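Down below are the structures I want you to see.
In the two complexes that follow, chain A is the common piece, with chain B as its partner first and chain C second.
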Partner chain A sequence: MTRKHPRLAAGLHSAVQLATGLLLAAGLASAHAADPLKIGFGMSMTGPLAGNGKAALLAMEIWRDDVNAKGGLLGRKVEFVTYDDQTNPSTVPGIYNKLLDIDKVDIIMSGYGTNVIAPAIPIAMQRKMVLMSLFGTDVNAKFKYDGYFQIMPNGADPSLGLVNGFFEIAAAMKPKAQTVALVGADAEYPHAALEGARRSVKNHKMKIVYDKTYPPNTTDCAPIIRAIQATNPDVVFVASYPPDSACIVRAANEVGLKTKQFGGPMIGLGYAALKTQLGPLLNGMTSWELYVPEPTIKFPFIKEFLAKYQPRAATEKLDPLGFYLPPYAYAQMQIVGEAIQKVGSLDQGKIAKYIHANKFSTVVGDVSFAKNGEWAVGRPLYVQYRGIVGNDLEQWKQPGKAVVVWPASLKSGEHRYPYDQNRK
Partner chain B sequence: MKARWFTPIVFTVTLLVVALALATVTNNYFYTAAYIVLQFIILATAWNILGGLTGYVNFGSAAFFSLGAYSSVVMFSLFKAPVPLAIPVSAAVAGLVGLGAGYLTLRLRGVFFAIATLAMSEVLYTFVVNWDYVGGARGAYIILQDDPPFGFSNHTQYLFTVMALMTAFAIAVARYVETSRLGRGLAAIRDDEVAAECSGVPTLRLKLISTTVSGALMGMSGSTFPYFMQYVEPTSSFSLSYSVNAIAMPLIGGMHSWAGPLIGAILLGTIQQIVQVTVSSAWNLLIVGVLLVVFVTLAPDGIMGWFDHWRARRRRS
Partner chain C sequence: MEVTADLLVNALISGILLAGFYAAVSVGIGIAFGMLDVVNIAHPAFIVLGAYVAYIAHEMLGADPIVTAFVLSPAFFVLGLVIYRIYYYAFERHGQESLRSLAFFFGILFITEVVLILSFGVDYRLVNTSYSSTTWRVGFVDFPLRLVVPFAVSLAMTLGLHFYFTRTFFGRSVLAVAQDPLALQLMGVNPRRVKELAFALSIATAGVAGAFLIVIQPVQPALGRVFIGLVFAITVLGGLGSITGTMVGAAILGIAESFTATFFGPSWSPAVSFGLLLAALAFKPTGLLGR
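Right after this comes the complex of A and B.
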């Protein structure tokens, strides 16, 4: 037949080829669709930042479950490959090389904090991978990598953006604050905050009367507070990590610090553990927060997210409030997920371009990124703690306990000063 | 094996292994993990020169390691120094500090010397934290923008090769120290310092050589660390885990010969690398602790000591 009807034969041959091709393609496509989309990262499950690392991981897992419930990304189920970075930068190269070479992940995310983000950037650069990072302070200043993004809302100039609100509040007092005491731990984040504070003090034409650091393992902070009190500053700015945040707050109450404004970007005061531990000792302080349940804060879906997070956190004995890191850990996943879905592939260059070019609606509000990968417009909150009674956790879920006093657009109350008269 | 053949053989074997790895292994994870293990081999070997051969327990290994790392940071900041230039400078700086620290502390013995080295580590840590030129508490960045030299496909493979050669050098030095007159003098100090002094062993001079060589090798192991990480900050580079591992590895491998730290570091370093990505990082420290307890109670002279006892028993029977 084929000899007699060569055209028919050719047609049949083509049809068979096409059918085979389609079958193969269908088979490959179904195999491909069955392959999970792997997202890999290191996270602090042990070490000094383990508490936050575990809370962040839980938030990211909630996002993964939400996405998978809707059919995954690009029609593929999302799977996490995670390793414990021990909050130790020297583990990072091994972890990320393993993720990329052995585990063959499709997307990488960072661990929590500057120290573990910085060593991951060179690897991301070498492999041309997008790196969405979780709470690093100005890490990309030196690398200038266009595939780097960061979710902490301090703005394009992170060191200044972190602290500027605090000094704008001080400048708005009547009479305007003139003298400032700066104090912080000898560690990465407090140094970045202090650097920003010096710039902000200069911008606001105030005078620094005390500028010192202390070892991070300091357990008695009363001498620090006494030394600050001796300079009689109008404003006391503190940049600290959780253990010393508690130490400084206790010491300020013990010594009876007299100043107009006291607080700053003190890490830890956003955690339920310190909020309940310190309770009324926080009254009157002006502190940096990332989310508080005030009526002026209307992030879309944040309540739905917290409704999922809080019961699981309570079961897993993690931060039961989840106001500090978890919403942002969820938001960074939303951004990456949306970018992948919109780009329609895992092309890292296209994903980076998409994230740079678009605004994202997340559980922490609208987010768009500057050229350096930081938020284009910062939005840290400065709150004043008021009316805290006892050590009950539930009160922190009510409005009016952490009143937003900066920025003006989200203000839920006026800043009350001096600090020593509002402490009670 | 004759001493003069040892060094060429070590370097030849190292070069062959490196060449084989570069020819067959393409994934970077292997080179990253191997780099860390090699780094610990040098640290353990260096610690053993003072701790195992001389009998002076040094708890400040992390400080010497960091001195090497921060010397490289300074060299890079000043001159954009490449790795081959940073290594000798880092080793020299750490060796000089070793000499100075040795001069100041070698009148102390036993636990007092150990505490003094720990204190020195804290002093250096505080110094680095407050030295803004090397990044202070915020850490320093070494951004490698150029392609790696000598045709390597990436910096990790290049640094792995450099680290392997440094390991060969450290082993050759340790072997030389152990088998030379210097080594016999150090062994005399370890066994009984007063008796050694009475027998005419120049104890102070030998101990100073020991602290200098040990410090220089530790500094050398840290010299490539900033290039490997491209970021270095004091909290992790001065981490006690370097000091603990530098002690645990020779203890497990055996402290009385150059091979002990090598075996201990390969064993413990590899287990730690595997456990980190299979079970959990938290198990790392537990494993070090359990192995230490097991070896201190069952094989106090380490694997090499246990092997020597086994050979002696076989010969007797």
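Right after this comes the complex of A and C.
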């Protein structure tokens, strides 16, 4: 037949080729659809902030498992590609370049904390990637990147939002606090918090009588507390990381710090290790928290999340309470996941636009973002620790131990002062 | 800031108490690096290991960390023996102890950290002893027992080591081994054996210093790295090969840190400490009490 009808033969040949091509293309497309959707990030799995980093990673893995159980994102199974940033900012550029160039991840998230978020932003900007970040304080102030988002609920002016509650409490005391001591570690986050504190002190017309920083690896903080005491401040504000939070708290108790209000955004006091180890030494302090089991704090779904998180955290020797970082680590994934699903693609510009334009219902409540990628309306809590007896963990799961004293809308008790009389 | 007697005396006492802890963490390096020429960069990792051992004993048996450390110091001594033997047969015997041994001890540092992470996780651990939250107040001077107890035990330990190294035949042979091992052999002493025992002793002191550490501050597996610079600075400032030098170096850095934090601002502490180190070495390159 082909000899007799060469045109027909050629046509048939072309049709076969076309069909084969289409089949191959369809096969490739279905293979691509079956490829996992890769989400890459560095996380502190060793180093001083590894306790938080690994707890955050567990929360994100719980989200991944939840999403995959429902069929994944865009019909693709979600996979994580993670590296240990060692809580060391200098490792971050290498990690994110590898994630994008070698691992070919589809989405990037940040590691935990200001210090490791800052070096990831220039890479995200260069590659035009959305960067949802986990607990950075005012990191985008200088970059002004519109693909940057941040999940810590401090509001559109984050360094002020983080600390303002503390000084509103101080201003509400009778008589109003007049003098303030500011102290913090020599690192990115405490510097941002101290900057916010200076602005808040000025707004509240108070006077700064001590304003210093200390090296993060300080072993004995008693000389710092004594120097502060010598200035006789009404309020002592501290911005610290976990080991120095413990150092400052113990020194304040040893020296017998006399002031009306003592505390601040001291990282570490929010999770179980330091809560249980410091125990009654925390009594009377006014501290920044993000979730406490008070009757006024009713975030939808957080109890369901903690019910999943706490048993796994206990097995993996991580923060057994999970009040501080894990719910927010889960929430940031909910936001990114919803944006990808609604946009229907991995187009970074469209994802960023969607996150900017919409409100998200998450385990930590409704979240919407301001132009700079921070929460449009902040919601940090200031609590006062009371009635802590011994070093038992269970007491922290009960109401009344971390009483919300700010904001007024979520208050579960009144602020008691002076600090030195409520310390016992 | 006004300099009052209260601030001045308390700064001095705080500095001295801190120096006790610094001496304990540095004395092992004083032996290994100062006397034996073994650059044991993993020493702080053994301190952290000692802290975790004390933590386990406290959690399981309610034992005081410092008592645990002394009870288990023979185990740390044996660990030191094993590590030195590996080091000797792998490097020192072949005359390759400089750069390769540094890599060896870095390796031990990382392995120790990873083992601790896998065993205990990455959370901070702290031991609350019966004296942790007690402060003696004499007039206007504070004596927090959290620092006083480690200081007293550290003083006893370092003085004991000083007398051991200066008054016994074995101690003198340790001082001699880094200078002239051949002469030591001619006197019928096996230099390898001397170095092995002295190195083991240095690791035993790390175990004890670890117990002090977990009483003083929260510990996580990678904390040891923070102390690497400090322990070598104290050893070099005090003078290589001198236990009293290590004590003096620790006292200078401890008191300098406390005074700077009290009167000038704590962020200046590292600059002042290392400035003192540079100044001391400029005038006396062998360290304050070095030979």
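One rule holds in what follows: the second predicted complex is superposed on the first by the 392 of 424 C-alpha atoms of A that agree within 3 Å, B and C clash if a C-alpha of one lies under 4 Å from a C-alpha of the other, contacts with A are read in each partner's own complex, and residues count from 1 in each chain.
FYI, contacts are C-beta pairs under 8 Å (C-beta built on N, C-alpha and C of every residue); 3 or more make two chains touch, one makes a residue touch a chain.
In this text the structure is predicted, and so the values were computed from the model without any measurement.
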Checklist entry - chain B versus chain C on the shared chain A, clash or fit? => result clash
Item to check | First (chain B), second (chain C), both or neither touched by A:A227 | outcome: second
Next on the checklist: Just to be sure I read the superposition right, which of the two partners does A:Y241 touch: chain B = first, chain C = second, or both, or neither?
Outcome noted: neither
Checklist entry - So, does A:P122 touch the first partner chain B, the second partner chain C, both, or neither? => result first
Next on the checklist: Tell me the contact category for A:D186 with respect to chain B and chain C: first, second, both or neither.
Outcome noted: both
Checklist entry - Does the superposition put A:G51 against chain B (first), chain C (second), both, or neither? => result second
Next on the checklist: Contacts for A:N253 in the overlay, against chain B (first) and chain C (second): which applies, first, second, both or neither?
Outcome noted: second
Item to check | Larger contact residue set on chain A - chain B or chain C | outcome: C
Checklist entry - When the two structures are overlaid on chain A, which partner does A:P215 contact: first (chain B), second (chain C), both, or neither? => result both
Next on the checklist: If the shared chain A is used to align the two complexes, which stretch of chain C, 4-12, 94-102, 202-210 or 256-264, clashes with chain B?
Outcome noted: 94-102
Checklist outcome for this item: Footprint intersection on chain A (chain B / chain C) at 45-46, 86, 186, 213, 215
Checklist entry - Where on chain B is chain A touching in the complex? => result 27-33, 36, 126, 129-130, 136-139, 141, 143-144, 154-156, 225, 228-231, 233, 235-237, 239, 241, 273, 276-277, 280-282, 284
Checklist entry - Hey, which residues of chain A end up touching chain C in the complex? => result 45-48, 50-51, 53-54, 86, 186, 212-215, 217-220, 222-224, 226-227, 230-231, 242-243, 246-247, 250, 253-256, 268, 272-274, 277, 279-281, 316-319, 391
Checklist outcome for this item: The answer for chain C against chain A in the complex is residues 1-2, 4, 7, 10-11, 14-15, 17-18, 21, 113, 117, 120-126, 128, 133, 135, 142, 144, 146-147, 216-218, 220-223, 226, 257-259, 261-263, 265-267, 269-270
Checklist entry - Once bound in the complex, which stretches of chain A touch chain B? => result 45-46, 83-86, 88-95, 97-98, 100-102, 114-115, 118-119, 121-122, 126, 142-143, 185-188, 190-192, 213, 215
